[in-house]
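Note that the chains are named A, B, C and D in the order they appear, and that numbering of residues resets to 1 at the start of each chain.
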Amino acid sequence: MEEIIVKYLEKPVLRNPILVEGLPGVGNVGKLAAEHLIDQIKATKFAEIYSKYFPPQVFVNDDGTIKLVNNELYYFKREDTLPDLIILVGDYQGLTPDGQYSLSDMVIKIAKEFKVQSIFTLGGYGLGRMIEKPRVLGAASDLSLVEEMKKHGVVFSKGEPGSGIVGASGLLLGLGKIEGMKCVCLMGETSGYFVDPKSAQAVLNVLSSVLGISVDFTALEDKAKQIEQLTSKIKEAELPPEPKREDLGYIG
Amino acid sequence: MEEIIVKYLEKPVLRNPILVEGLPGVGNVGKLAAEHLIDQIKATKFAEIYSKYFPPQVFVNDDGTIKLVNNELYYFKREDTLPDLIILVGDYQGLTPDGQYSLSDMVIKIAKEFKVQSIFTLGGYGLGRMIEKPRVLGAASDLSLVEEMKKHGVVFSKGEPGSGIVGASGLLLGLGKIEGMKCVCLMGETSGYFVDPKSAQAVLNVLSSVLGISVDFTALEDKAKQIEQLTSKIKEAELPPEPKREDLGYIG
Amino acid sequence: MEEIIVKYLEKPVLRNPILVEGLPGVGNVGKLAAEHLIDQIKATKFAEIYSKYFPPQVFVNDDGTIKLVNNELYYFKREDTLPDLIILVGDYQGLTPDGQYSLSDMVIKIAKEFKVQSIFTLGGYGLGRMIEKPRVLGAASDLSLVEEMKKHGVVFSKGEPGSGIVGASGLLLGLGKIEGMKCVCLMGETSGYFVDPKSAQAVLNVLSSVLGISVDFTALEDKAKQIEQLTSKIKEAELPPEPKREDLGYIG
Amino acid sequence: MEEIIVKYLEKPVLRNPILVEGLPGVGNVGKLAAEHLIDQIKATKFAEIYSKYFPPQVFVNDDGTIKLVNNELYYFKREDTLPDLIILVGDYQGLTPDGQYSLSDMVIKIAKEFKVQSIFTLGGYGLGRMIEKPRVLGAASDLSLVEEMKKHGVVFSKGEPGSGIVGASGLLLGLGKIEGMKCVCLMGETSGYFVDPKSAQAVLNVLSSVLGISVDFTALEDKAKQIEQLTSKIKEAELPPEPKREDLGYIG
């Protein structure tokens, strides 16, 4: 079979679209942020990506119907001269290194087709300890973008993340840069122990400021409170073991 | 070499065939059910599938001759207007995720060639504990099929199986659905500790009701009794250790 | 790069050649037997097989020169109407299941080019315990070959090897049978703890009887004595631990 | 995507270039030596090699900009009739055996394009114990090269390295030899516990003698002193555990 199958539901006409990526990773920060964005702006699904690099698995919905695991692309058209958005979300990242490359390469190919010139990848930066107020760390394809992001409160900290950015959030930056695209990775600090809606909110807060979108965070805040109640109970019962250093590498 | 080699022994002409899959998996439920069905209806082998995604292995028969591990397709013609059957059985599923995709994709291609419009995949649903009366859980490509299966006693239970359906039983559903086929997975509850003819019987009982085939279960019941004698002896001697949760995910 | 590179040193004209395979495996029985045969009959190397399925490794010879790991083909011409021989030996088998398939498929392609109609694969059958007089177990592509081999002292024992034959010795049988070749696997019993020249001698004894070649075993017997001295010393010091069952599966 | 992407920054015209390889490996000896050489002779980068066989990762520079992991080619033109140089360095070797083969094969293809007739690969030879004065061991594609290297102080020691040479330093020798190139591997002895600038200096000392280049070693010596201070502190505190034998195999 083909390595990757892209099934278009429609082919929207988009104006200067910006690609936003949020796939599963550390604390599911990027996935939570991108899915919340889709919900808030009511973006429209236009393509499904199936691949032999994903697990051979279907999910069973609550009504008994099934869904082959995939990645999905949404679009959002904006008024005036504001750039439109393409948002990439999904159930999984590629299972193998070469699968990661092939999938990110395919996304870049799609992005080029839609004349995307700018990419934002969203992820979590695992610290291995609980964190009260997550900062949003950044990495970018060029220095002018670094300076621009600093104005939006993004922290560029020498030596962080020390091991670089692994996975789709890294590859889309690297492959996009080779294609001359302007690329930014926004990483919310997170413990890495739990899904982290608070970190997702921090990331989305920066992104909405950059993109000029207003986002209501109530749903994310509610999730964050639920997680906090859970984790505080766990903390009372027993402290989670200090994770090994190699488990904390950023995977976007 | 080619990734997959399909060797046809004959090319039968079939009327509206339904594809039934039963490959090795949890409790070997699907394999037992499909092989029992083949035995009972005296289906005819018409194709052998060899692949580099299977283990590099031959089996040695009791008479000293060998057999390269494979999957096999059988057909069964029925009278009147009843749809014919194609049954997929085999020694192994694909060893790797991309092998799983490639093999299931090839089966779907063959199914399309024979104008298959409906697929039933059979498997076990591992519970990690002994079970007296196995239920048959279901998942389907659309809601009308869910309702139809309920009439045959299939249980659709929210959150079961929680981790979805992994392997050929899942992929044939997922890939078949993309091709517009009507697909159902029937999963017999099983401990996951032993091969489970009782669970296979439960699954086959539903399938024969759906397909309008009468099946004699004596041979399966005999096997079930043998297994029961074995397991009751083991239970007396020592209880099997509670398996880890990750070992119990459904693999069809 | 190409998956497999076959570099011919010459293209011999051979009469009804029989292919003999002896690659590394349990007790290195097959490799020892095939290499001893090459030494004894002074066979001529005519092809080198390089592949990305082998380890990325060169060996350093005693004189400081290097050799990229490979498999090699030798030929031996015989007088009168006796069939010529092609012998396959090498440093490694393929590292992955699909590499095993691709390499064996390539060997079968070469064999067809030379109009090979008969294959003998040589290997060890690991017992997990010391063995005084190794029997030679067999498996064959058809019943008449089973009967013929019995006349040469080959043992066909129901349920042995229980897990089939894994690796090149199995695949060449399986793939060769699909091509209509007459194939036999000869497996010398071995503990699996050490390289086993005694088992190799037993295998080669059968093969030379079948092929009508006289082989001097002095060199193998000398090696066997050396190994025996080593192992008897170890046995005195401490008994080797009983290996786990899964380590003993036959790999040819 | 393509397995390997070679992005040329320029296509220099080179005279009889010699290829020098220094990629990460045991003690990072080869990488340190090649990078130091590039710094000293001020070689010019002319190509970047990206591949799905590398980790799916970007590095984040101190200024917040990113770099997709890669290998890089530099050239250095020399006066008179001295052969020019091509130097291969990089962040990683291929992750998988077949990735190693594909990447080395691509480097050999590039080398042929530039009419390279001679290759030097640099690496470390892990001893598993601290070493005062590292020797430089050698391996070569033919005996005349072995003799020539001995004149430059390279040690050819029977049985060393016993397990051969694994990785790019081995493959470039093996694949280059098949193409008729003259190939030498220079391996600096190293403990294998730390990055080892002293071993890199020993290797580079030999190489500069062979190539007729004068290299200032101050920077490497400074690094060596820093490492020595670190390791002497560690030695005082506690002796490092004796590493397992399989960890010490040479990887170039």
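Everything below uses one rule, namely that contacts are C-beta pairs under 8 Å (C-beta built on N, C-alpha and C of every residue); 3 or more make two chains touch, one makes a residue touch a chain.
Since this is a predicted model, take the numbers as computed values, not measurements.
Hopping across touching chains, the smallest step count from chain B to chain D is 2. If you take chain C and chain D together, no chain is in touch with both. Taking each chain's centre as the mean of its CA atoms, C is the chain most distant from chain A.
In summary, the pair chain A and chain D forms a contact in which the copies contribute largely different residue numbers, shared numbers making up under half of all those used. Matching CA atoms, the turn from chain A to chain B amounts to 90°, rounded to the nearest 5.
Chain B and chain C have CA centres that are 37 Å apart. Look at where the CA atoms of chain A average out and do the same for chain C: the two points lie 53 Å apart. Counting partners per residue, chain C has no residue that reaches two or more other chains. Because contacts link each chain to exactly two others and close back on themselves, their graph is best described as a ring.
In this structure, the chains touch in the following pairs: A-B, A-D, B-C, C-D.
Across the complex, chain B is touched by residues 94, 97-98, 100-102, 104-106, 138-143, 146, 156, 158-161, 163-168, 170-171, 173-175, 177-178, 183, 185 of chain C. The touching residues of chain B, counted against chain C in their complex, run 1, 7, 50-60, 62-69, 95, 99.
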